[in-house]
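Both complexes below contain chain A, partnered by chain B and then by chain C.
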Partner chain A sequence: MAMSCDRSRKKWQKVLYKDQGVSDNYVDESFLEEMKKNLHIRTYEFWAVVRESNVVMHQIYSVWIFVAVYFHMRNFVLTPQFLFEMSSAVTIVGYIVNFVILHENALTKSRWKDGKTMGIFLILGFSLSPILMTLTKTISTDTIYAMTFFMLLANLLFHDYGTDAAIVSQAFSLNAAIFASICLASRLPTTWHAFSLVTFAFELFALWPILRRNLKIHFPRLQIILSFLLGSVVTVSVATVSSVAVVVFLLLHLFITILCPAWLIRLQPYKNNIHGPWDEAVIKQ
Partner chain B sequence: MWKGPRGSGLFRIYFPIECLNRPSAFTIGYVDESNKWAVVTGLLRPSESSARDPEGQDRGSTPLSSLIGIWINRDDDRGGGGEEDALHWTGDHSLYSSSSLSSSSDTDLLCLSKTGEVLAVNGHPDHYLCKGRAFEFVIILYDSALFLASCTLMQLMNNSDDDDGDDAGDRRNNRQQDNVQIISGSLAKHQTYVDSCGSEIQKRFAFSAHRRRKPFLLHVADCMFAFPEYLLMNLILIPSSWLSNLRFFQIPAIKMMIDIPSTLNQMKIRYGSYQTECLTAQTGRHCPKQPSTRNVNVCCLFGDVCLGLLTLGFLWTSGCIDSYADRFIVWAEAVAVEFESLLHWLMGVPAGLKVNEPLAYFLGHFFLYHIFLWKAYLRTLRPFWSDICYYSCLSGCLGLTVQLSLLQDLISMMTIHIYCFYVYAARLYHLQIVALSSLWRLFCGKKLNVLRKRIDSASYDIDQLFAGTLFFTILLFTFPTTTLFYLVFAVLRLLVLSIQGMLSTSVSFMNKMPVYWFFLRLVRPSSTAGRLNASVVQHEPLCIYLQLKPISFRELFRMSTRNAPSAEVLGNTWTSLGKKLILGELIYPWIEPSPKSHPS
Partner chain C sequence: MKHSICMVSDFFYPNIGGVESHIYQLSQCLIERGHKVIVVTHAYGNRSGIRYLSNGLKVYYLPIQPVYNQCILPTVFTTLPVIRNILLRESINIVHGHSAFSALALESIFHARTMNVKAVFTDHSLFGFADLSSILTNKILKFSLAGVNHAICVSHTCKENTVLRGKIDPSDVSVIPNAVDASVFTPTSTERDPEKITIVVMSRLVYRKGADLLASVIPEICSRHSDVQFIIGGDGPKRLAIEEVREHFQLHDRIRLLGTVGHSAVRQVLVRGDIFLNTSLTEAFCIAIVEAASCGLQVVSTSVGGIPEVLPPDMIQLAEPSATSLVESLDKAIAKRRNCQLLSPDGAHDWVRKTYTWQNVAERTEIVYDKISAATEVTLADRLHRYNKCGLVAGKIFIFIAALNYLLLILCNWISPVQNIDLAIDCRKLRRLKTGGVNLEQSS
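And now, the complex of A and B:
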């Protein structure tokens, strides 16, 4: 009798190698004292979030530009030669800019590799364009547009925006974009149209993100200027195709740039992350 | 000498049903103590003179080691109770003091009486002590004449070994097998015993289950077949089997050339492998109950040749060859024209499906060119066709099977363009499927790890991604077109294969037709006895009559077609067919797949 009183007076310790007279899964009032809430919370500042959201907007600009170019080509406003020359010039300029930014010293190997990439791409694109042109002749336009839409959506979803989420798959997003471009290219009348559109798509979806990333690392302030520039280009080009599309675009822009950050900040107080000794151990290197 | 039934368990006593009416005598037979059975195969009358010359008895006769007991027929004038009878018999006769019996001290004798009393009687030569002992037994009556006459019994029992049935069937089969083996084994031993006995003992047999001479019918059959067999073997079969064993025909290329056309294959099966069968039949002393395999095969061959000659005669005399040949050629040309229209339909918008125009155009013209070649071939063949048909009927001399396989070959030659188209379309389809699956993995940014046989994520270069996506798109959009062409030609090919399959099934059926057995079954049913029927004659004591009935025709047929490999062994089930169709692998139902060797 005396012995048991003694035992209960002693404080229960959270160890199992002592026989404390209670079952193994016993917890006392000190349970949950070690719980910590919302340890790694970050406070967001509105305009900073708005500034960062332009990463997503840049990719959306690319998509809209591409679709606008397609419609312009279909309406014969844009000739394939002009598109090809323009995109080639811009690519060469961008390449030189990239080259300058990175201050690369070991030049020959990467230049040879880039030259090889370009060569393969041009040859393949040029030889397969006739096939690409007649690929979807018997499929209805609506099906093609639906497929293109889903493929570009996949491109946006799986794109690498600088985070390390599990959903990111760079190869898949690029492939989806090229698939979409081939779908649209097959709707165009001649081989030249198809070839120039596919070339333009490749440069826009494969090469431009590389330059963008490098620019962001070295000149962060340039992002806003770039956004304004591209935004106005998109607005102008889409407006000449259809006015409804412009409205949709502007609404989308507003949504992503203004509304989404506000929403994010509004939702911060509801955060309720629980941390405790039950978390998985993270080995610090 | 056996010590009598010891221990518990049912003791089986097999008794010939013919002995039930014989007078009392000593029983001859064989016993097995451990497996608890005893078979009575003969009845030996006691000798008249009491004092015998021991030497005379020993000379020229095997010791009466097969003496197992006494049969007591109550209708005999000397009679009494069971034990008294036994005592009477064992004490009275000097047979009892024969050399073999006196050597052992304690022997038991099985006393059977017609009333159903069975005793194991212990008799000692010196003391004439009789101690009857009852034990659990069952008497099984069997028809020794039928067992001896049947040629098919052992084969049937051996074949039921290979059957895999459910448990009840197995148990039943095992028990039947047990009974049959015991009885047949004892009868065989008895046969050798009787053959080696001296004539004095042979005269004393009241009943003996042995065959004096070969059944008359089998004898007649042997004589009948001797001369034609001689003719066949020396003139045709031995030279042809020598030919087929030549080194020349073992070359893989030549072997393939012979195996693929079914006519040559059939001839090889029929005439080429005869020599080995003859050899095996001659070297081993086959059981005297079995007809020689030579007879069986010669009979089958004769049936075949007769049917072939009949067909030949019918076709030649009725004169319908010309009209059929003409009609056939006209039909073949009409089929070619139909094919052309089918291809034009495929190149257009078939069934409202969205076909890729340039590809369909290209494929359609490719196949159209083949049809053009085919029509030219038919045109050159036309003048000679009816002559070819007429003289190919001559192959009926070699048998109806050869004619049927010739027909099969003709069909496959006439549909060779379908075969070609199917092969082209299947290869293209398979290639496209393999490429598509690999490029889809590239599309998702993954790669097949061949070593580990799993899908891993991979980092590709930009140009690799671009080229891969380009090809993937192209292949994806041309996939329905290829599938359509492949399906159409696969269906046609399967149609032709089913017709050929029916022909080859009938050929293999005729190869194994058991003409000889059917003949035997009709004329002398007792020689084809195989079905066992057990019926209870008397309950107290338990007496079962094991009847041997002639086997049904269906069972005979199944017996002779037992050796054909089943479809599962060949790997040609429906699921494998479906899988091959979907993947685009080629279907060869007549070539047996070689066993794959695993490199482990």
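And now, the complex of A and C:
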């Protein structure tokens, strides 16, 4: 008797137009059957993540080098002439390297255009340096240092590291860095100092990322060597300014390169992405 | 047992929409069944104060203006005095909130629970889980559903979604579908063009409603069948895409764009069609396809959300949310139409008329009301305990808010004692006096 009762009871269907003889709050065994969890997760490999984290470190190296250069100029260890000559030479070398790896023609019109831009920039920069220097002269040094800190932090936050997140804004990032350089330039003694620092800032924050990106695309192996090189340059230059700063830098380096990847991988098992028929459909091509 | 019910939502007449007509129709049917129903909503422009709709449906247009997306500013505590006053005046024993988007509904439910009045919440929409707005909204929903006595969802998919979002027991959620007023959506054969096959689309032209899919389906269908024409009602940002398609493929005589169609004119447009096309990317229930089926059209739709649960296979052709699949399903529907294999319009209308009725919805809602009225009352300690389960940090915040609301209620009771509040006239008594005769029914 009991068996025939079971067989005659039909399977519950997930429809709204049939009265299936159950109450409205009936929970069938097939409840949440179509729910799927964690469909599109990626598995991360520790050393791969560490390698990729050097994108962030490169920009941090730029920031630290810039600040170290400022302090060296302030302490009269570095003369503005030397800085200008060195940065110009490195820029020209970098420019040549850039168009070699991009397989561009050495004698195209864009060379002439780039040369013109450089000329205009240098002339304008040099003539406006007295103004640039006095722009923030009346503000107290502490405020200047605080502003510089936040501007460089903004540079790091909004920089384009290769993702297409909403927070990325190349223009804002560059503007923040240049504003930081103007802040610092006002603390330097002469116009020459200001001009060389601002030019150096432009080369470091506007031109270097372009070369870096092209190098990463064409020579990915070079990234590690570049990291070691730049890292040592930063360590040496900062060490001569302040030993506390070196320790902070090394700790920061350790945190971003080793600790953050480890943390990311440790958090992966807690992922809880829920998918189901309630999701907004993605139009399939 | 007859109840005094207060329907609360930010969305009500004079706004026209799914939630609005749901509240109105449900209230009317509950009044027919002998319950007392009032509606509480926010002011619409100058429309503020108390208005009466047909059958003595009393509507409180609270003097609060909407700020964003037709909803009031969520302040949690400032609505307590006015809601408390209304619930006491009207001797309400059940508060029924509608729509998770409505701040007024969620706040009223919260205040009702603080006053130990039973509360029901109806969810009309589907939500995601992954983006920031969803995460915040789901937290707020967990808070609301932690206090509510019962929840109602309009489809099984909606129930699964609500249970996952709100972390409530699935047996505390009832599935009661929406309905249509079938007497308004009647088929007629005279409006249809017998030479051509007309496909009607009636939706807002936005991304969510699949306007891009529509734009890619139209030229394909028009090239495959020379006797097919499209009538598209509705407006929106994607209207330009449809007009571009019309220009590009020179389909001026085969696509008619009607712009926004008023609610009363919808039926006139629907009866001109043979097939109704719905390309939404997400729908909890989709009342439009039921309206179309009631007018006798064959429905072709994307199989998303709750749509597969609404109509039987002989009345709807389901497709994957892709242009190729939609074109295939449309081909099948057009072939069936040519071979006269479709369900007759009157047959479809009769089916809808018998299956999706507001009386049925009211009956099932009444069962929910009876069940929660009979349930034992929950103490303040139990409620706070439930709020605590909403999260590690959020739980503590919710406990704080609930406790503060309780203290504010005590303050309100002291400032304006319950005995000093006049009770409002019960419209049911007035109606019985008007219709005359002896009535042995007890008023609750």
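Operating definition for what follows: the second predicted complex is superposed on the first by the 248 of 285 C-alpha atoms of A that agree within 3 Å, B and C clash if a C-alpha of one lies under 4 Å from a C-alpha of the other, contacts with A are read in each partner's own complex, and residues count from 1 in each chain.
Keep in mind that, in the parts below, contacts are C-beta pairs under 8 Å (C-beta built on N, C-alpha and C of every residue); 3 or more make two chains touch, one makes a residue touch a chain.
Every value quoted in this text rests on a predicted model; they were computed, and no experiment measured them.
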Which of chain B and chain C A:Thr117 touches, first, second, both or neither: first
Partner chain(s) touched by A:Ile274 [first = chain B, second = chain C, both, neither]: second
Partner chain in contact with A:Met35 - chain B first, chain C second, else both or neither: second
First, second, both or neither for A:Asp24, with chain B first and chain C second: second
Which superposed partner A:Phe76 touches (first chain B, second chain C, both, neither): neither
Partner chain in contact with A:Asn175 - chain B first, chain C second, else both or neither: first
Touching partner for A:Trp47 - first (chain B), second (chain C), both, neither: neither
Intersection of chain A interface sets (partners chain B, chain C): none
Interface residues, chain A side, partner chain B - complex: 116-117, 120-121, 124-125, 128, 131-132, 134-139, 169-172, 174-175, 178-179, 182-183, 202, 206
Contact set on chain B toward chain A in their complex: 349, 354-358, 442-445, 459-463, 465-470, 472-474, 477-478
Residues on chain A engaged by chain C in the complex (per definition of touch): 14-17, 23-25, 27, 31-32, 34-35, 273-274, 276-285
Touching residues on chain C, where the partner in the complex is chain A: 126-130, 150, 155-158, 160-161, 163-164, 170-177, 208, 210, 212-213, 281-282, 302, 304-306, 308-312, 320-323, 325, 355-356, 364, 367-368
